[in-house]
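Below you'll find a set of structures to go through.
Paired with subunit B in one complex and with subunit C in the other, subunit A is shared by the two complexes that follow.
Take a look at the complex of A and B:
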């Protein structure tokens, strides 16, 4: 089902200042064999990213220190094949447009269905794998 | 919310009817909106949604608004007869607002709380020991002592009222060594005075407890520290318990003083270390009845030295286990398999104590009449203990260390997390390869009703399964999530169904018992074979063949981290608020507590309001102002019935509006009336060929007990149909009996209902009652819930799709015609059966057994 090599777990990074989001996603994705790290701030999340890159990043848009747009910008700059999914409370067309220019993979509105996110993550992994194959 | 019915034509409908019907429709719409919101919250708790605090606040605001309008609309419809509902509403809405805002709840300032009000959610207020016992008594239905909690608020008042924290801090900073510190702190406690409000409240609660116990009983006063059982350390045995306390306020106060003082004993100070602050670990206290124990002991649900060995340890002594807890006496020891049927693996039985008194000697004769060997626990009781331990392990979220006693029955005195060496979770790579090798039997199907992972053997169950025979720890697989399965859900390690979703009654039960539950898979009963070993991962909607050890260990490791998600403030708040929203406790409209005051949850208020709204509408035209001045018109039908119609809007075609006088069938647009009359006018239906059908369910319904019912109807009018496009209220006198059918038929199954009331007759009472029995049998086979008493019968059917509504209404029409004058033929009980069969064979019956 997931597109990772069977002995190489997929790596998922979650950044959301509401800690319950990370807790929940850890619970779910770890049981699918993902290696998952969760953060409530952007800065330490980026530090983790630099130490060992992730395949997919799920980040909240509005956060106190570093917002989701900045996470997106940095991730895409450093690791162009890593896919970024942004969680947002509402749809603001200007932000959405800017995020598209920065290469966001998908938007997701809270509260969201887990199945929706799982589906997005799998598609993101597939897209990344295609890139890596061509890369 | 867009109205789902056509605007009413004021020219056709009288104002009072139109307005009432409007209100009724509004209540139905509100009803749906509430149910949707509850469902959304339940789905969030079930784990389907990722949510946050904002979502909780918004949902509660919405619920509060909707419910207020439901009550308003009902009162507008029913002449303000139910204003009392506002009292219950205000109380519940207030609680919800507080909970959603992140505060603890309505008891936050209570000094004491009786165990009837305590559950696991009140941990922070009453401490772990009290909270767990409340959960065990009130939600798991296991026996635990009566008692009450003296809360941390009481503790703070006591401590601060005597300036104890400040003084203790001074001692801790000054004195040398924990022994000296403890001695000086003990003096402070000796001199402390009890605040008057605390004494008064305690005295009142003590009186209530003794009354509850049926008279004076000795008491146990124990510590229940807030956070005592959390985290890596266990404070087991660190704090003082006082047993055999006389049931008097002064004795209880003295014991309370000793217990809270033990928080600062030399041993406790040593144990907590230098960094601990005086305000850490606030001491809530438990005051409980003493259980007269014949045998008592300790159970570890896993072997602490070999947690993965699949064994549990039980030790037992005669009488009270206090000495055993304190490690001062030796005991019988048993090692039992954790898996059903919980075989005894090993036992170490002590020789008889030489000092056995006469009382113990008397107990050596077992209830079986056999003289006891030397073992204190028989296999049957070992099994019962093992089952109980597994239930607690599941519902409390991890291995347990429990203290039990057997007097008249098995009583749980205490249960707390068993501290085990922490195992590292299996590395992701191990899970990845384990999953890569496993081919799921079922994948991506169904909806999560309660999260979790479980492994065990498959057992197929249905309504007829005896719960006591279901092996604790088995995986229950059922076709329907029927409420009858509740006791099985308690015992099962997981439950999987073909049909259903996360919002039904059984889903609520699964969350209450924390039984992983996956509902609506469509194929579980077909795919999962009886006895097969499987691993269920509800989060990911996958069921694997065999036991996936890595996955099970991952779950255990996450649980030992105190399950960060399930323990998060948001999830706890959601759980708590759903307890005030989702359950329906008012089930029977005929019951004495079916009143506004009897409503305990929002769902109760909704249920009550819906019932009373239907009632008000049905009886509207029977009221004095009802049909006065109403423009009704005769309807020409093919059978000799005089019937008039009142159109509330779109019940008749525009062609009818253009004419006056008699209305013909082709002008009737009211879908429920058309369906009813189709049956009622079908004289030929009685001459039909028998249909080959399965009547098992219909026949079975005859043996069900019929509960009592309310008053007879107060109708005095003539044959009348009040109609709208999707609504029909038909009052019909046929022969000497009287029928009322009230039905709503739309594309929205949740809105649809049929209400049928039948009363009277010509023949004697017994014969009329037999006819009712016959009708009840037929209706029960047609998805109706039936209540009857004597010759009065009330039947309701709900949540049917439009197609079934039409067929059932048609059947009902046939039945009404068929039963006309039938009572005269009901000479004996056999006649009931005879006519029942005759009806089934002569008239088309819907496929039965479809419980959806």
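Take a look at the complex of A and C:
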């Protein structure tokens, strides 16, 4: 089991309007001991976040109601130690720059390999752990 | 008259400019030169008119001098006769001598009159000299004291007669001279009026010919500019009217250079717009293909990792996912190819647009039912004939109707209508939904390839529809306000009447 604070399982939030992404990441990360929730829209994902915060958020950029940029903005505002990874099929330089200003942890271009994402999630967890120790 | 002779060459001058610029090689070819020539011509006319008037006044002064000299002569003669009268009354010898002396002055006055009179005037006629001599002769004889009294009385009578003849004749000559002078003065006045009138006339003729001559090249450039505006020509042609002036040629050349620069700039702009469109296209393609690819990657990797631990139903589902995502990617590429392929219309047929829209509605009947959408169709009573590819046009309307259905919540109303705009010779089809509408910034992008507000779909539907309607020489427009639904208008040219 991937444990975070007080030996609780690490919490991972996945927001992507491609439902297959949620389904597959659930299969992979729950097997690794993560507590994972998946959504195809930003708004219910934020509701779940407020109910019980997540350690790492993986979000797509382009979604129908609330896009990934807005998810990033709200998460960074509400939970500054939570790390946000953006996955996207295409992003121009202006979008990437804006995401960096909002404090994105990493930008991951689709299609990506599972290992890359896993590695990124572990690094995000480590970064958060450092923050929590200092805080 | 001499003045008439003088204005003849001038008359010739004023008509010259009209034809000289084609005849004479040295005629000015610049607007500056033309202006100088025109101003010179006008000032020449003015100078001529003024000098004519001055000449007339000078001649008039001359004639007044003649009248004055006649006056003087008259006075001298009267003076002589006054002494003559005194002598005849009082018999005083001294008066006789004075009259005699005065005759010399009369002679010099006559010489004065003659000196002033031109040949054209009678002046003092020669017989007057003889009469004067006869009068003098009588005077001389009276100086002789030895004459018998009878003879003296006769001479005195003769003297009176000859004297009065002198006066009378002088009066006649004076009147004649005055008449001549008056006639000449009137002539000069008339001449001055003629010259002024001629100058005014010449000025008008000058204006009539000079203005088009000077402004001709500019006018030609203006006309060429208007033709360029209408797209009839790309540059200002250096025709005869423009070549007629140096400035015109320079102006036309600069304008042509500017036009070429503008055209180059426009080509550049179109090029960069194409690049921007290509950029948007690339972004769209990347997004639409990378997503299914990503799904395939993820699913495959999970299958590879966990195959032994997965249940059979799970494996089947995942393999099915892979197939669906591969299909999706293929569809995107297919749509893209369809979009970029030269859309060669199939057979162009005469179609009833109302029927076509009705058929399109029938095709999406199931979607209307599923979305709980009410459909209203308002056809015109008579067929609306257009010419086009029925399959492509059907694709456009199915697309617009599906968009409308997807934009609405259950209970929405989809209205379609076909009408005629006889005035513009257009067939008009409307597709209206009662959905949430679109803000202006989205309206601007909806016909861009890969622009979509939906989570599903390729964003090519409206772009392809736009291209198809464009191929049919029609127009597709959108009217929408947030919260008030959306109206798509398709306008197509009516089929030519048989």
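Methods note: the second predicted complex is superposed on the first by the 128 of 135 C-alpha atoms of A that agree within 3 Å, B and C clash if a C-alpha of one lies under 4 Å from a C-alpha of the other, contacts with A are read in each partner's own complex, and residues count from 1 in each chain.
Everything that follows uses one rule, which is that a contact is a pair of C-beta atoms (placed from the backbone, for glycine too) under 8 Å apart; a residue touches a chain by one contact, two chains touch by 3 or more.
Quick caveat: nothing in here was measured; it's all calculated off a predicted structure.
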Touching partner for A:32 - first (subunit B), second (subunit C), both, neither: first
Touch count on subunit A, higher of subunit B and subunit C: B
Touching partner for A:92 - first (subunit B), second (subunit C), both, neither: second
Subunit B versus subunit C as contact partner of A:109, first or second or both or neither: second
Touched partner set for A:130, first subunit B, second subunit C, both or neither: neither
Partner chain in contact with A:9 - subunit B first, subunit C second, else both or neither: first
First (subunit B), second (subunit C), both or neither touched by A:62: second
Overlap of the subunit B and subunit C footprints on subunit A, listed as residue numbers: 18, 20-21, 23-25, 27-28, 31, 89, 110-114
Subunit C contact footprint on subunit A (complex, rising order): 17-18, 20-21, 23-25, 27-28, 31, 62-64, 87-90, 92, 109-114
Subunit B residues touching subunit A - in the complex, by the definition given at the top: 44, 47-55, 425, 428-429, 431-436, 443, 451, 453, 537, 539-540, 551, 554-555, 558, 564-565, 568, 570-571
Residue numbers on subunit C that touch subunit A, as the complex places them: 283-284, 286-291, 293-299, 301-302, 305-306, 321, 325, 454-455
Residue ranges of subunit A in contact with subunit B within the complex: 1, 4, 6-9, 18-21, 23-28, 30-35, 89, 110-115, 117-118
